[in-house]
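Shared between the two complexes below is subunit A, which pairs with subunit B and subunit C, respectively.
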Partner chain A sequence: MTRILSKNIWTLGLAALLAVLLVITKLIQPDFGVSGLDSLGRAALPFALASLGMAVVVIAGGIDLSLASMMAVTSVTAATLMDGASDGQSVLVVLFVLLLGAAMGTVNGTLVVVSRVPDIVVTLSMLFVWQGTALLILNAPGGAAAPWLRALSVGGVTLPFVPEALTVWLPKSVVFLFVCLAVVWLPIRRSKLGLMFYAVGSDALAAFRSGVPVGRTKIAAYAVTGLFAALGGIAVTMSTGIGEPIPGPYLLAAVAAVVLGGVVLGGGRGGLIGPVLAVFILRLVRMDLTLMSVDPNVTTIVEGSIMVVVVMFGGVVAMRGRRT
Partner chain B sequence: MTQQEPSAPVLDAQGVSKRFSAVVALRDASLVLNRGEVVALMGANGAGKSTFVKILTGALTPDTGHVLIRGKDAHVTSPAEARRSGLVPVYQEPSLIPDLDVADNLRLGNTPVEAFRHWVNALGITALRMDDMIGRLPLATLRILDLARALAAEPDVLLLDEMTAALPTDLVARVLKVAREQADAGRSIIYISHRFAEIAALCDRATVLRDGATVGSVKIEPGIEERIVEMMLGADHPQTAVAAKSLKAASQGTPRLALRGLAAGSRLNDVSFDLRQGEVLGVVALEGQGQDELFDVLAGNRRALAGTVAIDGQPASFRHPADAIASGLTFVPGDRSHALLMSRSVRENIALPLVARLSNWGAIPLRDEATRVTAAIERLQIDTRAQGEVRRLSGGNQQKVTIARWIAKGVRTLLLFDPTRGIDIRTKRQIYALVRDLAAQGAAVLFYTSELSEIRLACDRAVVIFNGRVVDVIDAADADEPTLMRAAYGLTEKERTA
Partner chain C sequence: MKKLLLGTVALTLAAFGGMAEAKTYKIGISNTVQGNGWREEMVCAMKAQALASGEVSSLNIAHRNTDAAGQSEDIRNLIQAGVDAIVVNPANADGVNAAIKEATDKGIVVVAVDQAVTEPSAYILSNNQEQYAYLGASWLFKEMGGKGAVVYMRGAAGAGADNDRDKGFKKALAENPGITVASEVFTGWQQDQGKQQINDIIASGAKFDGIWTSGIDNVIVDALVESGAPLVPVVGADNAGFVGQLSTVAGLKGAAVTNPGSVGGAGVALALQILDGKAPAEKTTLVDPVVWDNTTDAGKALLKAAANPSLSPEWPVSVSIPGWTTYSQDQVIACKGPGE
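This part shows the complex of A and B:
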C-alpha cells in the first residue's frame, strides 16, 4: 500500500494542489460554479490533449516540437472537410483526421529514427513543414465544425434516470478528455508496447539488449503523439467551430505541463494523469490571477515561478527518498 | 536441445572479421563450443574480444566469416534474434531497465517468472520483491538478476562477460557453482574473465585472441596460465632497450604524490603508492580493475570513499578538477574529446589552461601567451596545417595538443591516462621522449597504459593493479611483458606498497 502511494506521490500531490486551488478560486470568486468549471474545462481541453501527446513521446525518450503545428494541420483539415458535410460524413472526417495525426507522427518518428539527427532538430524542422501544410490547406481561420461535435464539449453531463443536479457540475469537456485518455492510453499502458515506451526512454541500450525493437518503439511513440495532436486539433475546431491554421501557444504549454506533471524530460519516468492535472493547475492559476485583476504580464512570471519551485521541491523530495 | 550427434559443436564461429573504417578490430576470429563445455575467451586489451562478443550476440554483423549455432547459420542481427537462436548473453553492464520494476523487466523480455525466481534463490538473493525498482537495487544484485534472467530462458549457449567483476566473493562462488552445474547438465558456456583462478575452477578450455585473430585453444590444466599468457602476448614481444635510467637519487625525500589506502567507486579498493619528483611511474592494469576511478580521484572528478592523498607531504582532497589543477596535478584523459574544445583552434586549446584561472580575470596577456604556445607547438612537432579547428587534426596530433597545453603552463605532476591509444608509432615515440623530458626537468608523471611494452620505454617503475589493489611493483628494467602480464592477471599476487 505504501509502495503504491510512494509511486504515485507526485500525482497525488498535484491533485491536492488542484483541490486547494479550486477552494481558493471559490473564495476569491463566490459565484464560481457550474459555468466556471465548464469554461475552465473547455479552455483546458486542447492544452490537456497537447500535454498528453507530449508526455507520451517524452516518456519514450524523445520530444516533438511539431506538436502544435500538427494540431493546426488536423484542425484545418477537419474544419475544411466538415464544411457542409452531413453528420455521417463528419464522423468519417473525424476518423480520417485521427489517422492523419497518427500518420504525421509516424513521419516524425521515422525521420528521427532513420536519420539519427537529434529529435529536437528533426521535429523543429517538421514544425515549419506542418505549419506550411496547415496554411496551404486553409490560409485564414475558416471552415466549420459538425454541430454534434460542438455539442460534445459544451455544458455539463446529463444522464438518464440520474438527477441533473448530481452530474451537471462535471463538464462534458472533462469527460471527453478522460475518454480520449482511456481509449488511447489504457490499452497501450496495459500492453507490452507501454512497457517498451518506458524501457526505451529509461535506457535504450538496456532495452535493446532485453530484445526491445528500439527504433520501431520510438516510431510508435511518435505516432501516439500524433494521434493526441489530432485529438487536440479536433478539440480546437470543436470549441471554436472553425479551423485555426496558426497554432495557439500549445507547444510550450505542453512542455511546461509535462515537466510540472512529473514526467522526467530525460524519459522513462512519469504518467499521463500528472500532466493533465498540471494543465488544470496552470489554467486555474491564470484564471485566479485574472480574477484578482493582476497584470497579465505578472501572471506569466507567476506561472514560471510555480513551475520552478514545484519541480525543485520534487527534486529535493526525490533525493531524500533515495538517501533513505 | 534437439537430437544431434554429440560430436557436433553447439556453436561454431569461423573466420570472423570486422573493420571500422580504417581500423581492423577482428581479422580472423574463431571459436568452437561443444555441448556441456565451458570455454574461456581470453585476450589482452585491444585483442578484439569485445568486438567478437558483439558479433556473437548479434549487436554487430561481421564483414566475413560465419557463426553457426547448432549447425544452423545464426545470422543474427539483434540480441533478440540471438536469444531465439539459443545464445543468451549476460553483458558486462546490467541490461535491466532502471525505471521499471523487476516484474515489468521480466515481462519486457518474456522471461518466465517462476524459473526466474528459482534461479534468483539458487544464486543466493533472498530479499527480492517483484515490485522493487531496478534503479534502486545494488550493482551486485543486478548482475545476479541478469544471470537469473538468462538462465530462466534455458539457453543452449550462455555467454558470461565479466560476470563476477562487481560481485562479492560469496556470490562469485555461487555463480561458479551454478555455471558448473549448468555445464554438467549439457548447456555450453562462453566465459570471459580476467581472473585466472575462476577460469581454472570453471573452464574446460581457453580460446585465446591476439590482434584480432584466434591464436589457439588450450585445455585448462594446472600450470597452463604461463602458456596462455604467452599466447596472449605472442612470441615476438620486442625486447626494447630501456629508455630511461632510473633516477635513484630522486627516490629520497618527500614524495610528490603519496596515496594510502585509496578507495573509490565499486572497483578501486585499496591502492597505496608513492610518486616521486623526476619519476615516471607506470600503472598497469587490465580493463576495469579500478584505474579509471584512481585517475578520476586524482583529477578531482570523483571523491574518494576512503584513504588519503598527500601532495609534497601535505594532505589534499579535491572537490573539483580546479582544486586538483591548483595543487599541481594535471590530468590528461584517455578520451581526447573530453579534454579538447574540438571546434576551436590549436592555439586556443593550448592556451586554455593558461587563462582559465580566476586570478587572471581581465585581459589575456596575449604576447606572453603567444610565446609559450609557439614554444609548446615546436617542442611537440605538432602538425599545424589544420590548426584552425582541433577536430581536423589526426588523433596523434590531437593527443599532442592535450599534452602541449600543460607544457605551456608548466607542469609539476602529470597524470596521463593511456595517452598513446590509437596513435601511430612515430607520435608514440615523441610522446615517450616528451614524458622523459618532463621527468628530467623535475616533473612527476603517473602513466597508465594499456600497452605493456610502453612500461619499459617510458617508465622508471610500474605499479600493477588487480581487482582494485596494488598487487606488484616492478622496476622498468625487470618489466618485460610476460612479467607484467602475469602480475596484471593476479598470478604473482603479493601485497606490497610502493
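This part shows the complex of A and C:
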C-alpha cells in the first residue's frame, strides 16, 4: 500500500491540487456546476491529447516539437474530408486521419533514428514541414465536422436505466479522453513495448545491451505520439466544427503539462495520468483567472509562476522522500 | 410629522427607484490577438466605453493569442463568470459559433465586433471590411495609372475581416484589368512578419508599382525608405504612425483608409443598448470607411486634422466613433475600465 502510495505520490499530489482548485472555483463562482465542468472538459480535451502524445515520446527519451503542426495537419484533413460526407464516410475519415497521424509520427521517428541528428533539430524542422503541409491542404480555416463526432464531447454522460443526476456531472469530453487513453496506452503499457519505451528512455545503451531494439522502439514511440496528435487534431475540429491550418498553442502547453505532470524530460520516468491532471489544473487556473477578471496580461505570468512553484515544491518533496 | 414621514417614504422610494434605473451589468470580452496596436486600442476603447457608460459594474477580459478552440474556451469561461453580455472579436467566422450559441441560449447578449460570425443569434458591429479594401485598392490602382503590378499584403488567413477585404480587393482588381498581383502574402497582422516579407520581396528583385496593405503599413514604408527601393504608392489604415508618414516622408504617395479600433467601444455601447431593451432592428451594423490620401488638398487637410502625436504609432487615429462611443480621448489613452 505504502509502495503504491509513494510510487504515485506526484499523481496523487496533482489530484489533490485539482480538487483544491475545484473547491476554490466553487467559492469564487457559487454557480459553478455541471455546465462549468463541461466547459472545463471540452477546453482541456485537445490540450490533454497533445500532452499524452508528448508524454509518450518524452518517456521514451525523445521530444516532438512538431506535435502542434501534426495536430493542424490532421485537423484540416479531417475537416476537409468530412465536409459534405455522410456519417458512414466520416467514420472512415476518422480512421484514416488516425492512421495519418501515426504515419507522420513514424516519419518523425524514422528521421530521428536513421539520421542520428538530435531529435530536437529533426522535429523542429518537421514542425515547419507539417505546418506547410497543413496550409497546402487548407489555406484558410474551413471544412466541417460530422455532427455525431461533435456530439461526442458535448454535455454530460447519460446512461440508460441510471438516473441522470448520477452521471450528468461527468462530461462526455472527459470520458472520451479516458477512452482514448485506455484504448491506446493500456495495451502498450501492459506489453513488452511499454517496458521498452521506459527502458530506452531511462538508458538507451543499457537497453541495447539487454537486447532491446532501440531504433525500432523509438520509432514506435514517435508513432504513438503521432496517433495522439491525430486525436488532438480531431478534438480541435470537434470543438470548432472546422479545420484550422495555423497550429494552436498546443506545443508549449503540452511540454508544460508533461513537466508539471511528473514526467522527467530526460526520459524513462513518469506516467500518463499526471500530464492529464496537469492539463486540467492549467485550464482551471485559466478559468479562475477569467472568473476573477484578473488583468489578462497578468494571467500568463500567474500560469507560469504556478508551474515553477509546483515543480519546485515537488522536487523538494521528492528529495525529502529519498532521504528518509 | 405625518408630512415629514410621507416625505421620507417618498424620498426613499425615489432613491430605490433611482437605483433600479441605474442597473449595472457585467460584461465579458474575448479577443485572440495580443500585442497588436489595433487590437490593443480596441480593448482600451471597450474599457473606456464601459467606464464612461456608468452601466458596467465589472469587465471580464479574456485577451490572449489563441485559436478558435481557445476562444471557445474563453467564451465558455465568461458564461461561467455569469456575464450579461459578451463582446467578441472572433478568431474566425465559423469556429466559435458553438460557444456563441451556448451563450445566447443562456440569454447572454453576444456582439461580434470588427469581423462577422455566421452564428445568427449574435449581433455584429463591424467596420465595412469589403468597402475598406475596395476604396483603398481603387485609389491605389488609379494612382498607378490603371496598369502595373501590385504587392498584396493581406491580414490573417481565414479571418472574417481578411475574407471580406479580399472580396473588396478582387472587386477593384476586376475593374482594373491592367493591374496584376506581383506577390500575395499573409502578414498575420504582425508588424515584424510584414516587414520581413516586404524585405524579402524587395530583395527578390521583383518589380512592383504599388503596395496594398491590410493595416500593417508604417513598417512597409520604413522598409522602402531603409532599402532605398523606389517609393511606390502605399495604401494602409489610419494608424497613427502611417498617417504621420503620409505628411512627413518626402516623396511618399499614399492613402489611409479608416478602420477605427474604437469599434470595440461601439460594440460595448451596442451590447448595453440591447441589455437596456433597445435592440436594433438589424442584427448587423456596418461602419463605413473613408479614404484620406496625400495627393489631393482635401485629403491632406483630413490627414493633418487626424494626425495625433499623442498616440502610439500602431494605434488608429480615429479613437472614437461619433454616435456610438461616449468616452473622451484621455479615457481611451488611459485604458482603464470600471474598478481599475
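Simple rule for what comes next: the second predicted complex is superposed on the first by the 324 of 324 C-alpha atoms of A that agree within 3 Å, B and C clash if a C-alpha of one lies under 4 Å from a C-alpha of the other, contacts with A are read in each partner's own complex, and residues count from 1 in each chain.
Just so it is clear, a residue touches a chain if its C-beta (ideal position, glycine included) is under 8 Å from a C-beta of that chain, and two chains touch if they have at least 3 such contacts.
This is a predicted model, so every value here is computed, not measured.
With the two structures aligned on subunit A, subunit B fits next to subunit C without clashing. After superposition on the shared chain, subunit A has more residues touched by C, the comparison being subunit B against subunit C. Shared-chain residue A:Pro213: touches subunit B; no touch with subunit C.
With both structures placed on the common chain, the touch criterion links A:Ala43 to subunit C but leaves subunit B unconnected. Residue contacts after overlaying the shared chain place A:Ala134 against neither subunit B nor subunit C. With both structures placed on the common chain, the touch criterion links A:Leu227 to neither subunit B nor subunit C. Seen from the Cα centre of subunit A, subunit B and subunit C lie 120° apart once the structures are superposed, a value rounded to the nearest 10. Judged by the touch definition given at the top, the superposed model places A:Leu17 against neither subunit B nor subunit C.
When both complexes are overlaid on chain A, the residue A:Val76 reaches neither subunit B nor subunit C.
Distance between subunit B and subunit C in the overlay is 31 Å (nearest C-alpha pair, rounded to whole angstrom).
Within subunit A, not a single residue is touched by subunit B in the first complex and by subunit C in the second. Listed in rising order, the residues of subunit B touching subunit A in the complex are 59, 78-80, 83, 89, 91, 94-100, 104-105, 107-110, 131, 136.
Of all residues in subunit A, those touching subunit C in their complex are 29, 31-32, 35-36, 39, 42-43, 46, 135, 139-142, 150, 154, 236, 239-242, 244-246, 248-249, 283, 286-287, 290-291, 293, 295-297, 299-300.
Put simply, subunit A touches subunit B in their complex at residues 3, 192, 195-196, 198-199, 201-203, 205-213, 268-269, 322. Across the complex, subunit A is touched by residues 34, 58-70, 72-74, 76-82, 92, 94-98, 157-158, 162-163 of subunit C.
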